[in-house]
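Look at the two complexes coming up: chain A is in both, with chain B in one and chain C in the other.
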Partner chain A sequence: MNPRFRSVFIRVMRRWVLIFLGFEVLAFSLLGTNFFSLDTLQNILVSSTIVLLLAVGETFVIITGGIDLSVGFMVGFTGVVCAKIMVTLQAAGTTQAMAIAAGIAAALLVGLLPGFINGFLVAHLKVPPFIATFGMYGIAYGCAEIICNNVPIHDLPSAVGPIGHGFLFFWLPGKMFRVFVEPTGLSSVDFQHLITIIPNLSALALVFVLVFGFILAKTRFGRHTYAIGGNIDAAERAGIDVKRHLVKVYMISSFFASLAGVCYVLRYITGRAPAGSAQVLDAVVAVVIGGASLYGGKGSVSGTFVGAMVLTTLVLGLANLALPTYYAYIAVGCILIFAVLIDQFSPELVHKED
Partner chain B sequence: MKRRMILVMCAVLVLAAGFGLAAKTYKIAFMPGIADPFYFTMEKGAKAMAAKLGADKVELIVGQYPATWGPDAQVPFLDALMARGDIDLLFTAPTSTQALIPVLKKYFDKGIPIITVDTYLGDGDYTKTSDYSFPLSYIGTDNKLGGEVVAAQLAVLLGGKGKVFLENTNPDTSSVMDRERGFRQGLLGFPQMELVGVEYCLDVQETAQAQVAAALQRNPDLAGVFGVNVFSAQGAHAAVAAAGLSGVVKVGTWDATATLIEALKVGEVDFILAQKPAEMGSLCVDWGYRYLASGKTLSVPKKVVPGFFVFTRDNVNSPDAQQYIYSK
Partner chain C sequence: MEPILEVRNITKRFGGLVAVDNVDMKVYPGEVVGLLGDNGAGKSTLIKMVSGVYRADAGKVFFGGKEVKIDNPMQALRMGLETIYQDLALAENLDVYSNIFLGREKLKRFLGLVNVLDHGHMLAESRKVLNRLDIEVPSLRNRIRTLSGGQRQAVAISRAIYWNAKFIIMDEPTAALGVAEQKKVLGLVRTLSSQGVGIIIISHQLLDVFSVATRLVIMRRGKKVAERITAETSMDEVVGLIVGSVPGDLANANGESPKPSAVGPVMTTSSRSRPHQETTRRRPSPSGH
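Up next is the complex of A and B:
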């Protein structure tokens, strides 16, 4: 092959996921109804929140060569804890703000424990990650069902909905611009022209995604994560405290799962034990099509972000065309296998030759 | 010159408005609660009414059927449907009395009238002012009355005494909780009947079957079971049949799916309360269209209640009754 053509080809193929995302957007924009719009874009962002958060946590674990299957039911578990505390405190007569803050804080704190146990089992007791986290998957689900007594928790504080469905900016062109607080008392015509920008949940998720993307790409912690996945013995010889590091990585994963659980409660105004269980596979798929290798050592948060967008765009695009969702399952399966094949046979296509 | 321009522009505007009103095809959207025969039948009824009104008057746009029951399954599809931006009116079955309030309110604020069908927001009373009273109407079964009818029917079959079990589904859903309230209320009239338990299957038929099977084991003298919707009823039927107790334990069910109708014919189910989903869908399109066509001035009743029909072994084969069987 002409070397110049080859280098261009490799450069293009390296970004096949991004090209695929562009293709999706183009196809749905042409075939669908008003798909290419601010509303749809924001809908894709906010609908991908849970998968995105799970996938970013999972990215760290997969780069170390592990996998965290517990994150699915961790969403349900932390969501139920969050909702239960909100409902209980509200019933006890605290203010809504207090109840909501306490629920969120408790969920984020409690969510760290399963990650610590996962990490301890994997790093110190040499339990295969698949088994350790699969066990935790069951434990988290069972605990969640016990806490919520087998039924979804409802009647949450009424301020939960406006937070979960709110936006950062409200803009009425030429008339007003508000931050965070939804304008009230508008005429119905003004309401129809009100432009809402950046859903709260997306903003929350993106902050954490950016911070942890930075940590992975630019800090020593990130470099150690790659090193462990590349060659764990070499990493140990190089003086990295591998065990300690792995525990932290699994705690990051479960922290992201807890964030997803909190987002679930804020958006769906309920706590359900099975919440998120359907998203584990999607999260792993997002990480893998984002360029990570299940053998470890490769992957990035930006790739995972694109991977999550590919999946959500597919599902919502099919919904826009009113096509049944099971086409999405087939498409996702094909994309996943394609991604792994690329990784397997032409790693130079996906990753920089260094 | 300037004045003439203004005149011409006014004339164009008036003409355009006239054409706009005359030629307007209203886009009415339907967002179902879950993929099951009840909502398939509702869509069929809605389609029939849209066709009757004429394709130039109403276009029915149906959202993606969620695979499971709950706001997490419904909301993304609802948002995808509404992001089309060309919907004139929405009718939907909110999958939670609370979680769907901010979602539907958002579309209401954008000027899209909302009808809730089969299930409602809050306590369903849209006549008094509250944060959930914005829908145009609730169109659906009087579920509490239905629950009372089931209790009475079971009581008749059991001679007014015995232990009964209630298989319910989602505790944050208006319709099925009203059925439970009605059932409890109805049982009060029969002091020798005892409700020994209530379980919630969250619209998973296998869960319903397991819960009813467990109830049968705990209560060897159980005399009757009531399954409150498609999934609870089909699960209850499957559990009683699998235990070999058909006929011994009376099975009262709700929602006339083909599965339950067959079970009624062979004696594994004792009666079925059939709602009228096709009529609900039809009413939503009809009221929705008339409201839009009136320039949103028509006063729509805040509650529209189609009746229901009770299938028993005596009438299940009658030609008249066949229209109430749910079908895709």
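Up next is the complex of A and C:
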């Protein structure tokens, strides 16, 4: 094969997930009803929030060669903490804004602790990541059930729903443009034509995804994360404080899980202990589809983002076609195996000169 | 002049095994010391205690005349002590220049806000240092995984010499290199030493060590058995010391008799009437493996 062509070919093959995503959107647009619309695409984005957040945190852990299973129940745990504090403060008579802000802040803070413990167990006490985080998975779930007394927490402040279901922009072409605050008192015709742009939750998630994508790709912290996954001894001998770095990485993962927990509360207006437990494996799958290897040393936030979109598009697309969800399982299973095979057999891109 | 590096009575145990047993060693600025010994003699373990990979179970390390505690590799690197490891210690998933700068990445300001990796700088500097070695690496953007053994070794060497170290430890620096490349590395060792850098070189290529080292330290089963000025010894004697067929100077250190009568291993087993039987029996038999 012509070397130039070969190099281009390798580069394109590396992006196969992106091509696959395009193909997915195209196929569902042609086959489905009203699939290719701003609403559906935004729906994909917002439906993916929890998986996306978990997956981005997980990306850091997987690149170091570890895995974080605790994030599943971390969603439920931090969600319950968040909801509980909102409800309690509201009952105590604080303003809604205070209650909501305090709930969110508490959830994000509390969420750092399990990550710290995971990281400490893995880095300092040499507990295998699978075991350490699986233990934390159970602990987080149990604690969440204790906090919420085994019943979902409802009756959150009334502003929670509008935030969780709101959009950054509301646009009525030719008539008005609003930021963040949903216009009220519209006629039903106007309401029909109201264009909603960028779901709040997606905006929130994307900010963090972008920031941490930048950190992973561009900063020293990111480079060290890859180095640890590539050769932990080499990283250590190069003077990297590997233990400290691993603790931070597990804390990033649990921070993202807490964000997902907060998003869950905002979106479903409830705090439930088992929330998110079903999404752990989806998150890992998204990371792997996005080009990471469970052996460590590889992966990227952008890849993970595409991976999460592939999964969500598939689930929503099949639903749009009114196919039962178990088809989605089969499809996801196939893509996952395909992703690993492609990764295994794709040749290394070798530069001839600088 | 005082030694730039000195270790005193340094010991390292792995479970029941004493990998390095009460070893003393000095290196003066600009001096090249060859550290010799058979496989498993404890050479790598000894230098890893100096480079911060292992913590010594006993003993002291002095650097630049001061006692130092080296608890992790970063401390050694900060003092100006670089190490080329036998296993090279490269991150195979990263490219060449990222490995040369690993742990000490060059950063630049991004939008006046945050520090990001300065790829351009690292690429150019890596190119320069590799050119100094004159070993062909096609592109510094390639991952280590795609390089040959010798190219990897070149990267490991480049990483150690880039930082203007005061001291460089080289554990088998030429093992994977071709003949011409080995010569270049030995030339580099001489240049560095003439600039006042202290160097420990570990190698099984006795010829190479004899050609660059002024002093030789020979280890056997964790113990330092002898120290020789290169010009005052011979390859035969050194080989004998390494394999144990020539007795070392070790005896005094361990309270064993340095008597010339306690010579070859064959005699030891046969001469039952000798006075220091107990101690001689405990001496490891060179043919015991």
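Following the convention adopted for this analysis, the second predicted complex is superposed on the first by the 341 of 354 C-alpha atoms of A that agree within 3 Å, B and C clash if a C-alpha of one lies under 4 Å from a C-alpha of the other, contacts with A are read in each partner's own complex, and residues count from 1 in each chain.
Going forward, contacts are C-beta pairs under 8 Å (C-beta built on N, C-alpha and C of every residue); 3 or more make two chains touch, one makes a residue touch a chain.
This one's a predicted model, so the numbers in the text were calculated from it and none came from an experiment.
Once the two complexes are overlaid through chain A, chain B and chain C fit side by side, free of any clash as defined at the top of the document. In the superposed pair of complexes, A:Thr40 makes contact with chain B only, with no contact to chain C. Using CA centres, the angle subtended at chain A by chain B and chain C is 150 degrees, rounded to a multiple of 10.
Of the two partner chains, neither chain B nor chain C is touched by A:His124. More residues of chain A are in touch with B than with the other of chain B and chain C. In the superposed pair of complexes, A:Arg11 makes contact with neither chain B nor chain C. In the superposition on chain A, no contact is made by A:Lys175 with either chain B or chain C. By the document's definition of touching, of the two partners only chain C reaches A:Lys218; chain B does not.
Once the two complexes are overlaid on the shared chain, A:Ala235 sits against chain C while remaining clear of chain B. In the superposed model, A:Val315 lies in contact with chain B only, and not with chain C. After superposing both complexes on chain A, the closest C-alpha pair between chain B and chain C lies 38 Å apart. Put simply, chain A uses no single residue to touch chain B in one complex and chain C in the other. Across the interface of their complex, chain A is touched by residues 61-65, 67, 70-72, 75-77, 79-86, 96-99, 101-103, 106, 109-111, 131, 170-172, 200, 202 of chain B.
Put simply, chain A touches chain C in their complex at residues 218-220, 223-224, 226-227, 229-231, 233-241, 297-298, 348, 350-354. Residues of chain A touching chain B in their complex: 32-35, 37, 39-40, 43, 46-47, 150-152, 154-156, 158, 161-162, 164-165, 188, 191-192, 194, 264, 267-270, 272, 275, 315-316, 318-320, 322, 324-325. Chain C meets chain A in the complex at residues 51, 53, 72-74, 77-78, 83, 85, 87-94, 98-99, 102-105, 107, 110, 114-117, 123, 127, 138-143, 145-146.
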